[in-house]
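There are two complexes below, and they share chain A, which is joined by chain B in the first and by chain C in the second.
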Partner chain A sequence: MKLSFQLAYRNLIGAGLRTWLNVGILTFTFLVIIFYNGLLDGWNQQAKRDAINWEFGYGQFHHKFYEPYNPFTLQDAHGKFNVKETKGLTPLLIRQASIYPNGRMLSITLKGLPKNQRALKIPIGNLGKHLGAIPVAIGKRMANAANLSIGDEITLRWRDKNGTFDATNVVVATIFNTTISTVDQGQIWMTLEDLWRITGLKNEATILIADTQFKDTEFEDWKYISQDKLLKNINDIIEVERASARIVYFMLLAIALLAIFDTQVLSVFRRQKEIGTYIALGMTRTQVTGLFTIEGSMYSLFSMLVGAIIGVPLFWYLADKGISFGSVTADMGIGLGDRIYPSFSPELLISSALVVIISATIVSFVPAHKIANMNPVTALKGKLQ
Partner chain B sequence: MKNQLIIACLLPIWTFQVKAQDAKTILERVDKNMVSKTEITESEMVIRGKRNVQTIGSKSYTEGNQKSFTEYLYPERERGTKMLKLGDRLWIYSPSTDRTIQLSGHMLRQSVMGSDLSYEDMMEDRKLSEIYEGKVQGEETLSGRKVWILELIASVEDVSYYKRMIWIDQERYIPLQEELFAKSGQLLKRTVMSEIEQIEGRWYPKKINFKDVLKGGEGTDFILKKVQFNPTIPDYIFTKASLKK
Partner chain C sequence: MEKIISLSHVTKKFEVGDGYFTALNDVSLSFNAGEFAGFVGPSGSGKTTLLNIIGSLDSPTEGEAMVMGRDIAKLSHKDSAKLRNLHIGFIFQVFNLLPVYTVFENVEFALLLQDVPKEERKKAVMEALEWVGLESMANKRPDKLSGGEGQRVAIARAMVKRPKILLADEPTANLDSANAHAILKTMKTLNKELGTTFLFSTHDEKVMAYLDRTVSLKDGKVVSDVANKDQQVQA
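== the complex of A and B ==
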């Protein structure tokens, strides 16, 4: 076995450029597989982390009338909650309203969170007192869409609990930057205390957001949505991305494997005298087949080595500095930051390496298998078989 | 459309029972002058956008303040669009999709054809007497006419506008202006009636400007082209089937 490895190594090094071309394309494929999977894993982790921090918390209780994708339900989707029973839950009240920036009317969703809440990263705690106007927080996308800056006062019109129109001025006290567009676009945040006061919906909420400690999942009028269920959309999107990525890197892998296969076929064809000599010197046909198979699979080992030399510093840098996708990512439905930080887990590296090594070994074995049927005398003479 | 606006803003005055006798008398005279059992009107709605001005023509059939049917006549883009209001329900038929949809929830807050009027502005069909208490607040001169100023304050909780102010011509018993206020006192909408003419013995505004005062622009004009008071309107007009005819 050791002899086979030594021979395979010498044969490959001796083949020169042919070897390095095969290794080159296999390395490229190997790196692309790792990079793309790492990017998707990084995106997945980042999107989930941000979604938990900015929107979902550790699970939610939705009011029985609340349907997240049906704005018609918002009017009735609110109810009182028992403060003692819901310790560890953060109430979020959602209402519909309109604002009038620069003489335009914009329909918005008005959201209220307790001033001292810790469940979400929405900077409600930064909303201080302002004379004559209610302080509100908006996201960067909302600020751009409505052309608003910190300190701007706008008229807000809403309906109170009885459906009566009310209007007042609100002042933009803080603008936050989040990757989660669903807490930003078309939304205005104020303290729950202010929202209760202006709508008359004291001690009412649309959603109760759970913190890490909260375990109970049974409440009247409230349906529990687990964190996994809330994150399902992100998982689904990532899986779709992963499937399309697989097509790309399987094509690349197919090209690389085709090159190895081609080389192996050529080797078996052109090195018949060498094969005959091995057999004449005492190697069994199976050992010669094994030697050629090891030669083929050694391309993948070389590509691991070259891939490590190129990939380790490159991926280390990318994982540390992230990759900027510019403005393209800004308004996607799934949380996507200005920079994505790829994540290269040991599982990813090992599984990618195994895919390349196993597939290279298989395509090496198929042409080498012909050696088993060779006549050693004819092979020594170098006659075509 | 103009007819619906009048219904939305003024017609409920018809049965208004105010505590202050003066206000009641004034409103009854207004009602006598303006309200008919049924009406057929042809009108234009002039919508002033930031870049252009759009004129939409329509023909409306109205019975009381519960039933109305409007068909849009021009421009080509809106031609054939129909709207049916029966009590608190509103349907819209679009010929391009051949679909009838019922508007509800926040869709009712959308503007009608890009105007300053929302669908829900046309949906209020309760009598003002049931939901407001009124008084004559004073007198002044408006557009050269002597007017009474009536203030209506909501007497129940579930009303859209907490306060209404109405300016009524003392001689012709016709409203010249109405303002709608939020609970906080913020003025939300203003309606101005002009080009008052006598039609079939009634004083009637031929032009109504409807303005959402929180928005920029000059508001939306409703211009009355033709009006018939108390015509016979077949019952089938106020059915969903008529939307697709």
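== the complex of A and C ==
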């Protein structure tokens, strides 16, 4: 075994350019696999973290009438909650309303969180007292869409608990920046206390946000949605991205493996005399087959080495500085930050290495296996067709 | 005397097209341990085929080939590899050195296959290189050697494991006269000192002059088998 490794190593080094070409392609593939997955892992983690911090918390109780994707449920989706029972839960009340920036009418979702809340990153605590107008917080996307900046006053119109329309002025007190568009686009945030007051829905909420994970509990009018369930959407989108990335790197891997396969097939034919010599010297066919297999799989070991030399500093840098996606910060349905910080976990590195090593070994074994059926006399003559 | 090789009614047929080509036809021969013998005959007479069978690289179609008490036709791949590894050395017309190994490592190879410990290996390799006068070339690569030197490395590689049998197929065909005589002398000495049985296949008059026994083949048949009491050349 050690002998085979040594001999395989020498043969590869001796083969020069061809070896480095194969190693080059394989290294590139290896790095692309790691990069893609690292990027997606990083994105996934970041998107989840942001979703937890900005929207989901550690799970939520939804009022029984509330359906997240059906705005028509909002009118009735609210209920009183028991302050004692809901310790550790942060109430969030959601109402529909309209605003009239520059004379246009815009339907929006009005959300209220307690002023002293810590469940979400929405800067409710920054909303001070204003004379005349109710201070509100909006996200950057909303600010852009409605052409609003800090200090702007707009008219807000809503229905109170009896369905009667009412209107007042609100002032944009703070504009926050988040990757989570679902707490930003078409939304206006105010303190829960203000929202209770203007709607008359005191002590009512649509959602109760948890600050720790709950068991699947349910109480009366509230149904529990676990954090995992809330995050499922993100997982699904990342899985789709992963699948398309997989196509890219399987193609790359196929090219690299084809190059190795080709080299191996050629080796078996070109190096018949050498094979004959090994057999004459007393190597068994299994040993010779093993030698050629090791030689082929050694391309993958070399590419790990080269990959480490290039990849460690490169990936280190990327994981530290992040990758800017600048203008393509399109709305992907999940948070896509200005910068994504790829995450290269040990599991990722090990599994990528295994994929490369195992596949290279398999494609090397197939041609090497031909040796087992080779007649040593013909091999020594070098005349096998 | 111990019969190290005995062939009885060995016939070798090769498939050619629809029929057969008979390369060896009812060959019966035996060799004692320590002989220095050779097969001569025109091209195509079956010399190489015979050496290959004795070296268990090939097996007879009919008849029985016994080498060191083993029936060549009945050996498994593994056992025939073991027989070659432990007891049989080969020397070829083209030297077949491993280009990526140094001279030392080429010679060492057979011992590595036998799992000989490192210190012992080193001693044996250097000794084998001394036999052929190439101690100083140990660290060279085969492509830096002259033809004569290359064949001497091949002899060292075949002899380092002190095999019972050494099979040399046209070992001098690619060498000039001086080099041919040099390696033949070396082999004759090794034959005397180590008691190795040498079997040659050759067209070369120079080789024939060294042989103690000459077996002539023609069309796969033994046509003469003579002991050369009156050798022209002495080692």
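Simple rule for what comes next: the second predicted complex is superposed on the first by the 379 of 385 C-alpha atoms of A that agree within 3 Å, B and C clash if a C-alpha of one lies under 4 Å from a C-alpha of the other, contacts with A are read in each partner's own complex, and residues count from 1 in each chain.
In this section, a residue touches a chain if its C-beta (ideal position, glycine included) is under 8 Å from a C-beta of that chain, and two chains touch if they have at least 3 such contacts.
Computed from a predicted structure; not experimentally measured.
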Chain B and chain C placed together on chain A: clash or fit? fit
Please work out whether A:R285 is in contact with chain B alone, chain C alone, both, or neither, and reply first, second, both or neither.
second
For this session: Once the structures are superposed on A, label A:P71 by its partner contacts, choosing first (chain B), second (chain C), both or neither.
Result: first
Requested in this report: Determine, under the contact definition given at the top, whether A:R271 touches first (chain B), second (chain C), both, or neither.
Outcome: neither
* Asked: Looking at the overlay, what does A:K121 touch: chain B (first), chain C (second), both, or neither?
  -> neither
Ask   = In the superposed arrangement, which partner chain does A:R242 touch: chain B (first), chain C (second), both, or neither?
value = neither
- Name the contact category of A:L3: first (chain B only), second (chain C only), both, or neither. second
Of the partners chain B and chain C, which touch A:G103 in the superposed model: first, second, both, neither? first
- Message: I'd like to know which partner A:R339 touches here: chain B for first, chain C for second, both or neither.
- Response: neither
With chain A at the vertex, the Cα centres of chain B and chain C span an angle in degrees (to nearest 10) of 150
After fitting on chain A, the minimum C-alpha spacing between chain B and chain C in angstrom comes out at 78
Note: in the complex, chain C contacts chain A through residues 52, 55, 57-58, 77-78, 81-86, 88, 90, 92, 94, 96, 98-101, 109-110, 112-114, 157
Per the touch rule, the chain B residues reaching chain A in their complex are 104-107, 109, 111, 154, 157-162, 180, 182-184, 186, 188, 212, 214-217
Chain A residues touching chain B in their complex are 71-72, 74-75, 96, 98, 100, 102-105, 107, 155, 157, 159-160, 162-168
Residue set of chain A touching chain C in the complex reads 3, 7, 10-11, 13-14, 273-274, 276-277, 279-285, 287, 375-377, 380
